[in-house]
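Listed below are the structures to be examined.
Presented sequentially are two complexes of chain A, the first with chain B as partner and the second with chain C.
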Partner chain A sequence: MKVFNSCIRIMKRRKASFLVYLIIFLVLVVLMTTFSVENYSTDFSAQKPEFTLINRDGESPLINGFREYLEGYGTEFPLPDEEQALQDAVFFQASNYIAVIPEGFTASLFGENPVPLQKTTFPDSAKGYYLDSLVNQYWNQIRMIHTAEPELPEDQLIQKTAESLAVTAKAELFSENETPPVPVYYQLYCQMQGYILIVLVLLGISTVLMVFHRPYIRLRNMCSPMPPEKVSAQTILYGIAISVLAWLLLTVFGLILWGHTLSGTDLRQILLLAANSLTFTITSAGIAVLASCFLHSPNIQNAAANFLSLGLCFLGGVFVPLELFGEGMIRVARFTPTYWYTFAVGEICSLTGFSAGELGPVWQALGIQLGFAAALFCVTMAVQRHRNSVEEGFGQTRTEYEA
Partner chain B sequence: MIQVNNLVKRYGELIALDHFSLEVQDGEIFGLLGPNGSGKTTAIHCMLSLLTYDKGDISLFGKPMSPRSFDLKKRIGVVPQEVAVFNELTVQENIDYFCSLYVSEKAERKKLVEEALQFVELTDYRKFLPRKLSGGLLRRLNIACGIAHRPELIFLDEPTVAVDPQSRNRILEGIRELNRQGATVIYTSHYMEEVEQLCTRIMIMDKGRELATGTKEELKAMIRSGEKLTLEVPELAEEQLEEIRKLPGILHVNFDGEHLVARGEGEGSALMAVLDLLRQNRIPVGRVFSEPPTLNDVFLEITGKELRD
Partner chain C sequence: MFGSIYRKRVLSSLRSKEMLIWTWIFPILLATLFYFAFSKLDSAEQWSQIPVGIVADSEYQKNQIFSQVIGSLSEEGDSQLLLAEMVDTLEEGKSLLREEKAEAVIYLENGSPKLLAKENSWNASILKGVLDRYCQTEAAIYQLLEQNPGNMELLSEFLSTKVLTKEASLTENPPTDTLGYYFALLAMVCLYGGFQGLESIYSIQANLSPLGARRSLAPVKKFRMVFVDLLGGLTVHMMGMAVAIFYILCVLRVNFGDRLGLVLLTCFIGSLTGIAFGSLVGVSARLKEAAKTAVVVAATLTCCFLAGLMVSGINYIIAQKVPVISWINPAARISDAFRALYCYDSLIPYLIDMGVLVLITVILFAGTAFFLRRQRYESI
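Up next, the complex of A and B:
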């Protein structure tokens, strides 16, 4: 196991840079996880659009009641009653909705020919539609109550209208055998874990492979009585060890950090998330082995680690939710293993059961990641073979081992 | 110890080794001398089965050599042209790593590593990383990594390139010591002085072919050129120069206005005859130098060009 031990020793000598990366990226991941929660939240909170009320009909209990009603759903944005100021406010969307109560509006409200309310909103504005429906609802309700009880004094009419509009339907959602959702913090950590996994595995493996790929080190190894398969086997063993170590480290760190939020979560989901990150670790090892063929110095290695990890993670939706990607972008992203990793994280976290049908997309994503790993290892072998065939080995010569 | 017959190695159109044959006896320090690109390293790589070759046979220790001749490889030590050590491991760890490829028993290896450290005089630097070593010390580490397992046959491929004279002498003395301890050495270089000083037999190569093989005396005896005389002479008329040319045992004469350079023929010396003639012509003579023929002269006479281009 001398080769394996030497690999570990080489890694130990470079552990400082490895640790710097680990600490910086972990801090980064925790920060990004914390700040990205908003993008992934499924909670609902009502928005308060801005409205402007221009009253040309004079103050009356009906108008005051209308204003109070609107203030319950929006925020008043006062504007002077000038045509230019109102047009500018609409154009620049300073106010989402402008309602002008014309002269004679209250007097004609319950008559046969009521003076219509003048409404101005920005075209196709959701907030405008929302306020418009509230306004219509209010005046229709007033008219309806007045029709039913024409003798009702104005203050009671306003009160009854407000009460009837305050009634909301209570809806309860029941679903059988539902799995409690994976907390969004842990889901985000798992997603970001993809980024740091690539960086750590790439650095861990390429640091050592780069050294063993040096032409004259290869020459010395090949002159020795140790069969080359044995040397390769021990470097592969090192690659497995460092990858599993990185995966374990990050998984344990995630559990330490967000474990307290997982009390209600199904253990199978946590195990599936771990299996997904382990699969991605194998794919990252494939990327690292291939990249090592082209790396010759620590500077290039660091640049490659950043370029590959950031590029793949941006494309694969690690930093930005896949839902925000355009169709064309998603089509490109499908050709990256990171896409399938984040896709699997999303699928596992949204699992409501563990039937074969529900788990299908998860297995498919894991399978594709393994496919990527297999393809990467095959390409590495092809690159090595090609390099040997063009006589780029030590001393610009071709070795018989790889011929 | 080594038997190479009719080896042919091509790189596309280029013939790197052209029917190259070699025989090295047990206990020799055999020198492969030739200019850069003459095929020395290719020959060594073929002998070590690091390269495929198009034609020929190679046997080491009386057995055919192949990439999987691990029993033979165990008896061989290699010191490559470039310093081939791990920059991330210390001096001792480097020697230990390369020794471990040959010797698995830990206690024995520890002893061998210690001996190798002492042999190359790097005991004080055992904990140093290679980047902290000077060029000469690095070369010594490179040698230690190749010989720590006490091989019977050692290939040294230009081990003194870019090394200061002091370190070079130490390296050459070390190689002699290895040979005294029983190792057979194959030594390649384009420094003729080194090869002349160190090797018991020498092969001169060019363009992948053997030009001549023998001891340094045998090689020098193969050529007409004898000693080279250089005399400081203030002036010399063309007639006097012609008289010197006609002296017996003189091959060439040249005068550059300050120095008279005369090349003798064979083993005898024409120095006295030249001095007598100059005295008779009342020509004052300054300093006088006499150099025996070198391997460069051998190479020059065989190929018509200098060994160091």
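Up next, the complex of A and C:
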């Protein structure tokens, strides 16, 4: 096992940079998971957008009633009446609806031409539309009741409006799910795991292969008494070991982190998710082996690892949900393994049963990922064969001394 | 001597494939990717007609007011809300949900409208709001008619609802979800100036490279050598930045507002911060070159993550909840400076960001100078 041991020795030498990546990326994945999560419920519950009320009309029972009404449908995001703070909130969509109640609004409310409320929303957003219809409904209802009973005191008017707005339609969720769903936190972790897997496997494998691809080492190995097949076998063994280690580490880390939320989840779904990430690890190993053929220095290796991981993950829907992509973009994304990885995570988490028909898309996604891996390994072999057959293949890379 | 060191540093940087990849190719490729991946991001948040199944059974046919409301909401035009597909039974409606042809099914149960939604989505909430409004208006009208039987004039007044809100824009440029990603990307490219800083220190320090050992014998003061070397690195880095900005603004046609000069100034100061950071990491004798590169890459990625490179809006949450982290994060300051130029009329927020960046840069350079000064080597 001389070659395998050498691989481990090389890896040990680079352990500092590997550890830096490991720790930073684990922290990033946890943060990304935490910040991306949205609440999940099995009962119908209307979404609660964030709204801001800027009252320039002075405090009054009407305005207070309005605030109370909106609080029933959304969450107030208080902001100071400062232009910059409001601009920031709109840009980052921290508040989905900013309603500025202008001076004289309540005084003109019951007249022919009431002063309109100024609203600011993200252009044409669904959340803005939803809140705007609520706001209009509230004030129209108040006007309606006032028209019917003009003598009604303000506090009774507000109470009556609140009572009339308490009438709601029944709503429920259509669910045929036999199993409790996979918790959103764990689903997102599994999705983000794809990002860190590519980086770790690529760095772990290419760090060693870069050394073995150096011309002087290749020449020396070729004239050593050890047959090339044995060298290759032990290098492959190292590749498998480091990939499985990365996969195991991340899977166990995920289970430690979110395991407490998985108590009601079907074990088969968790196993399928693990199988999906293992399949993706194999594909990542394929990417790493092919990329290693073209990497000559740690700087290029880092650039490649970052570009490939960020690029594939943005394109494959790891960071931005696939639903937000256009049709054309989805068509392009299908040519990336990350798309199929993300697709499989989504499919596994939304499984309602485990019949062959329901599992079909999952097996298909896993199969395509394996197909990617096979294609990548084949291309790598072709590249290596070509390199071994031409003289330039031994002179293009930096020598060990230079590196 | 100045010209000679500067020229050679620029040439060596331009010939370095690693630098070329990090600061020239990497941002262009990532920006292209953003452009295609996020082309529909803004429109995804916009409301559009909602595909919905309507159970048009005998109860629906009998309730003329409800069927008229559904009809008017499904009428083609600017205010069309529903893409209604009529079905005969609730089971057929459920099939539409299963086949993902509708987001919800609306049906009448004992005279009251009911919603069966596929999931808790914004569209489902909008539909629920529509049905709520119908129920509320219906209840109010019945109550009115009970109190004032036969008062049709009041009823027509009752039904004439007004639009009581008016759109008001707060910013000159329209808000967009995608810009934050480009801002964070440019912040990342600025901080990748750290590689130039690393390279400069690596080629100057006698204990780090044979080139550094040779250069430390040259008859040039170390401070001058470091200064000129870093200036050369900054020049090449700014060339890469200029190419990236030109590509984003002119080829991808991303709108950064109309203050291009200040955008370039931000890149310049951001790049200086990156170079200063790389220099500080570079002076460490304990870490090997690969580990230093890893530190620069990992730190840059972390800063950029916190500035919104991977999760949009995270920088705002951090600025609200842990403002200290936001203020000391150079990527967040660079990204915020771009946003300030885009959003605000006033230059004060921008200048505050720039001030903080300059302060961070000065501290980092001071740290580098502290470690570089008066070094003597017993053995190399």
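Throughout what follows, the second predicted complex is superposed on the first by the 252 of 403 C-alpha atoms of A that agree within 3 Å, B and C clash if a C-alpha of one lies under 4 Å from a C-alpha of the other, contacts with A are read in each partner's own complex, and residues count from 1 in each chain.
The rule we apply is simple: a residue touches a chain if its C-beta (ideal position, glycine included) is under 8 Å from a C-beta of that chain, and two chains touch if they have at least 3 such contacts.
In this text the structure is predicted, and so the values were computed from the model without any measurement.
Participant: Of chain B and chain C, which one touches more residues of chain A?
Facilitator: Per-residue touch count on chain A favours C.
Participant: Give one of first, second, both or neither to describe whether A:R9 is in contact with chain B, with chain C, with both, or with none.
Facilitator: A:R9 sits against chain B, while chain C stays out of touch.
Participant: Quick check on the superposed pair: does A:L315 touch chain B, chain C, both, or neither? Answer first, second, both or neither.
Facilitator: After superposition on chain A, A:L315 lies in contact with chain C alone.
Participant: Would you check which partner chain A:M222 touches, where first means chain B only, second means chain C only, and both and neither mean what they say?
Facilitator: After superposition on chain A, A:M222 lies in contact with chain B alone.
Participant: Residues on chain A in contact with chain B in one complex and with chain C in the other?
Facilitator: 14
Participant: What does chain A use to touch chain B in their complex?
Facilitator: On the chain A side, the touching residues are 2, 6, 9-10, 13-14, 211, 214-217, 219-227, 391, 394-395, 397-401, 403.
Participant: Provide the residue numbers of chain A that touch chain C in the complex, in ascending order.
Facilitator: By the definition above, chain A touches chain C via 14, 16-18, 20-21, 24-25, 27-28, 31-32, 35-36, 40-41, 44-47, 83-84, 86-88, 90-94, 98-100, 114, 116-127, 129-130, 132-137, 139-141, 143-145, 147-149, 164-165, 167-174, 176, 297-300, 302-304, 306-307, 310-311, 314-315, 319-320, 323-326, 329, 332.
Participant: Show me the residue ranges of chain B that touch chain A in the complex, using the header's touch definition.
Facilitator: Per the touch definition, chain B meets chain A at residues 11, 41-42, 45, 48-52, 67-68, 70-71, 73-74, 76, 78, 80-89, 93, 97-98, 100-102, 145-146.
Participant: Give every residue of chain C touching chain A within the complex, in rising order.
Facilitator: Those residues of chain C that touch chain A are 17-18, 21-22, 26, 29-30, 33-34, 36-42, 44-47, 94, 97-98, 105, 109, 112-126, 128-136, 139-140, 143-144, 147-148, 154, 157-158, 161-171, 174-175, 177, 180, 195, 287-291, 293-295, 297-299, 301-302, 305, 310-311, 313-317, 320, 339, 343-344, 346, 349.
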